[in-house]
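Heads up, the thing below is written out as structure tokens.
Lettered A, B, C and D in written order, each chain numbered from 1.
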Amino acid sequence: MPQPDKTTSMREAIAEFVTDGATVSLEGFTHLIPTAAGHEIIRQGRRDLTIARMTADVVTDQLIAGDCVSRLISSFVGNSTAGSLGELRRRVEAGALAFEEYSHYGMICRYLAGAQRLPFYPLRSYAGSDVPAVNPSIRKVTSPYPAPDGGEEQIYVVPPLNPDVTIVQAQRADRSGNTQIWGLTGIQAEAVYAARKAIVVVEEVVADEVIRSDPNRTVIPAHAVDAVVACPRGAHPAFVQGYYDRDGAFYREWSQISADPQRLRGWLDEWVRGTADHAAYVAKLGEERWAELAVGEAWSEPVNYGRRL
Amino acid sequence: MSITSSELLAAVASRELAGANTVFAGIGLPTLAVSLAQLTVAPEVEIVYESGVCGAHPAQLPETIADAVLITDSEAVLPMTALFGYVLQGARIDVGFLGAAQIDRFGNLNSSVIGDWHAPKVRLPGSGGAMEVMANSGEVFVVMRRHDPRSFTAELDFCTSPGPDRALADGIRPRGKGVTRVITDLGILARDGVGEELRLVATHPGVTVDEVRAATGWDLRVDSELTEIAPPTGDELRMLREDVDPARVYLR
Amino acid sequence: MPQPDKTTSMREAIAEFVTDGATVSLEGFTHLIPTAAGHEIIRQGRRDLTIARMTADVVTDQLIAGDCVSRLISSFVGNSTAGSLGELRRRVEAGALAFEEYSHYGMICRYLAGAQRLPFYPLRSYAGSDVPAVNPSIRKVTSPYPAPDGGEEQIYVVPPLNPDVTIVQAQRADRSGNTQIWGLTGIQAEAVYAARKAIVVVEEVVADEVIRSDPNRTVIPAHAVDAVVACPRGAHPAFVQGYYDRDGAFYREWSQISADPQRLRGWLDEWVRGTADHAAYVAKLGEERWAELAVGEAWSEPVNYGRRL
Amino acid sequence: MSITSSELLAAVASRELAGANTVFAGIGLPTLAVSLAQLTVAPEVEIVYESGVCGAHPAQLPETIADAVLITDSEAVLPMTALFGYVLQGARIDVGFLGAAQIDRFGNLNSSVIGDWHAPKVRLPGSGGAMEVMANSGEVFVVMRRHDPRSFTAELDFCTSPGPDRALADGIRPRGKGVTRVITDLGILARDGVGEELRLVATHPGVTVDEVRAATGWDLRVDSELTEIAPPTGDELRMLREDVDPARVYLR
């Protein structure tokens, strides 16, 4: 059983799978944010994308400022705990960016419905909220079972989200796309399964034997993956558990950068459009900065999968 | 060595897998067929097991779909919610293999009871994941060792796993084609999808159309281009015997 | 933050949490079947239980033969690949055991609804099946979104399953109930979250540091667990990945034992009622048999969780 | 050292946690309060973070709910589907902590926009998981540093996270009580559940009822048994300063 080799470059993966007008899901909850992929989308000048991302943060602001995005599907639009997303706020406040608002679990349930090919997914949120009034995709269903009090029970539902392509960042994968994540695993598996195509960006492409020594660690199996991109430090300024820490200073700085449209444009020209690829961006950040983000060791205890004697 | 029924069925089933990427299969004949296909017509085809194992590399031949040897060295073990929700219902399976106690002319299957469900003559195991395999695979292959009128029946005692025709009659649009191939010790029945009955499309050497029709509990249609099945080739037999199941656990 | 110590004996756990008339979920898909817990339920002579179990196999047959069970909720009633469950078949065929039939995913979705406190869970099974005709709990809902063809879309749903107690077997837990499973993880987490109370039976109670070295391996967190029972070899004849192999001979033998009601009664009297506890059952099986089920080593490669420097 | 506003609010909030087993909390004041409660009134209380971390044992004070130091040495990291589906919606949380830009007399919260949603004066981050915390926790505590009429408003510009009264009006039975405590720099507002308005139940030493009413955008009711909040005790302050946040990351 030869495993198909799906490794490719970021440039080729984005060129092939992210097309103008596509719906692109970029997931990763604080941890493992696919920043490098976002930058490459900006470099290639994609237009008119619908971006789906639970926590629309720095990379989303950058994609919007790069004029790549016409529509945003999200449940949190803020620069983590560090402030605001300048460009996103300006455009939403000016009515220049379409915004579909959900709660976190609403987004999760949209991915769950998408991954499971369900027409809708029920959840106990939205009751009494103004969000359904501004988002007609959030609807109600009557349960065919009686409520605990014997009466009729209603529940809100959300529709499936099926991105044209989902891009996630992970610690490691083998060449065929078996992807292992530890620390926060987020909604990555569901976002991948919900998508028509999936790109996995990893810190390392590892030998098959590494993956196969711990199959429970594989969060996304190869059959759901179309491209594997090795891109070390691809999540910066986000962190990758066991690889590098969060660049808190960058997040704080971003509130300043993005507050000023001209400074923001300059930043994109210098750091994204002015770098050939993510390796150049990483080098430009400099080893001193990376040294500050280095992490020490805390190894998991191995478990025995056993072997028939 | 003469060709056993298992060798015959495994070889014939393997040829039908050309073009498939993901196959949902149980242990035994289906895995023999897929393993042979990996060596012949579908080198990249992947077996997904009901237990959630993907990309298994077992050091020994597994005895069940959840055998410990399937897990060790595998590429992924999915949680059950992911296997049934994202892989099966998510329409990631091209070909599912199923067996059954009874099959009807549209490929609907019964694995629940013989007799009345409320007072069964024989209580069978039930669906397991068969209903999900039928509802969500691109198409379904059924391998039945014994081709007789009790199993190939005009009317099921109970429909556990319905094909797309019954789903449509129930007002629900099915994903896949349902059963497209039934491979038996007499030949191959086939249908292409919704609305079609199973037709006899091929017989094993020495088997007559009348024999198959007599062994089938409904008035079996015969394809206009009925062919004779080529017996397993020397290469197929050698691979089955030397590479796939050298201990002859399932080739018995 | 002192962690509450929830360790207790099997006898006490069953006595406290499994009461006559209760709905008891016993999950574990071929792997990690809570056999020892089932035997203790028989020893304590519980009556009128509703047993929920996807793959009702040997332990279910034993519980039924032990006159503990009046109702069964299941999606597969068979002795794995080894034959039949004699007592279960006899009683169902005689109309002496109430049986609620589902498919595997139907059961999974019942647990998902139970764990998520949903009034129902939708799934793409049952369309055209005779199962809904014999199981009125399986119903239909109309989607509030148009079908791909623009028309109305219907989908089957199942109701939540909320067992009074769920019992699962696992490789290891800490004293407060953080439970780690590898190999097949089955539906155990959902069955535990769906339940009012949960008992976790483990091969080993381990030091807190072992669990904390690999938090992603924790399938069931302490807050969902009420009792932790150390019970080595508690899954026999099922297997525990990395601990012992499946006792295939026992499964084959069971088809013979259970085919004969008298022999079955004798087996229960000797092996269950005749043993004081699971340690006695394990000893009675004998070291020779356990030696046959011993497994070798196949250790996972450790991963680095990292430490801030 | 004089008592900071953070110390005051953390100490007061911690006392309200007696009896709680599971608390859903963000980084900052809520975690300070829970950490202090673990040392005082609720030794076994567990914090569950929105990131899925349970039983965290961070070697350093975390900067976000998803900080790497929360994961290393923790007891469990749950998948997001489990955290939101089984823990939150599964009603496993006794007390949830929330903040907001605006709160009304029934404890409904706005964290989406100031102004009209379609053309907002200020676009705020939105719900995140706040709506789920409100809908599914047994009760909700709100900590607001600044008590002023713009935040404590008669009419929300937009209701992101509705309490149980709004849920009922929408025809849906809520699980919990919604907001039961609002702890501010002026005092504590409280309500016991569905149908009740927030009442002023306690003020900080030196704060008058009129000051609180003037700082509240609706006609605030005053509890018949209004009390004065005991300032942080020496023990509480010592534990906050020496054990909980010795680097004064959040006590600033």
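Methods note: a residue touches a chain if its C-beta (ideal position, glycine included) is under 8 Å from a C-beta of that chain, and two chains touch if they have at least 3 such contacts.
None of the values given here were measured: they were computed from a predicted structure.
Using the touch definition up top, find the fewest steps from chain A to chain C.
So the least number of steps between the two chains is 1.
Among all chains, whose Cα centre is located farthest from the one for chain A?
B
Give, as an integer number of Å, the spacing between the C-alpha centres of chain D and chain B.
Measuring from centre to centre gives 56 Å for this pair.
Per the centroid of Cα atoms for each chain, what is the distance between chain C and chain D, given in Å?
Distance between chain centres, rounded to whole Å: 38 Å.
What whole-Å value do you get for the distance between chain A and chain D if each is reduced to the mean of its CA atoms?
28
Can you list the residues of chain D that touch 2 or more other chains?
Residues 53, 68, 71-73, 77, 81, 85, 89, 136, 175 of chain D each touch two or more of the other chains.
If you look at chain A, which of its residues touch at least two other chains?
Answer for chain A, listing residues that touch two or more other chains: 112, 117-118, 123-124, 147, 153, 155, 183, 185, 189-190, 216, 241, 245, 295, 298, 305-308.
So that we know how the chains sit together, what is the shape of their touch graph: line, ring, star, complete or other?
other
So in the complex, the part of chain A that touches chain C is made up of which residues?
Those in contact with chain C are residues 117-124, 139-145, 147, 153, 155, 157, 159, 171, 180, 182-183, 185, 210, 213-214, 216-217, 241-243, 245, 294-309.
Please give the residue numbers of chain A that touch chain B in the complex, ascending.
Touch list, chain A to chain B: 1-4, 112, 115-118, 174, 176, 178, 189-190, 193, 208, 211-212, 215-216, 218, 221-224, 305-308.
In their shared complex, at which residues does chain D touch chain A?
Residues in contact with chain A: 27-28, 50-53, 63-68, 71-73, 77, 79-81, 84-85, 88-89, 108, 112, 117-132, 135-136, 158-163, 165-175.
Would you mind writing out the residues of chain D in touch with chain C in their complex?
21-22, 38, 43-44, 46, 48, 53-55, 57, 59-60, 68-69, 71-78, 82, 85-87, 89-92, 136, 175
Per the contact definition, I'd like the list of chain C residues that touch chain B in the complex.
29-31, 55, 74-78, 80-81, 88-89, 92-93, 95, 101-106, 108, 112, 123-131, 134, 147-149, 153-156, 183-187, 189-190, 239, 241, 245-246, 248, 295, 298
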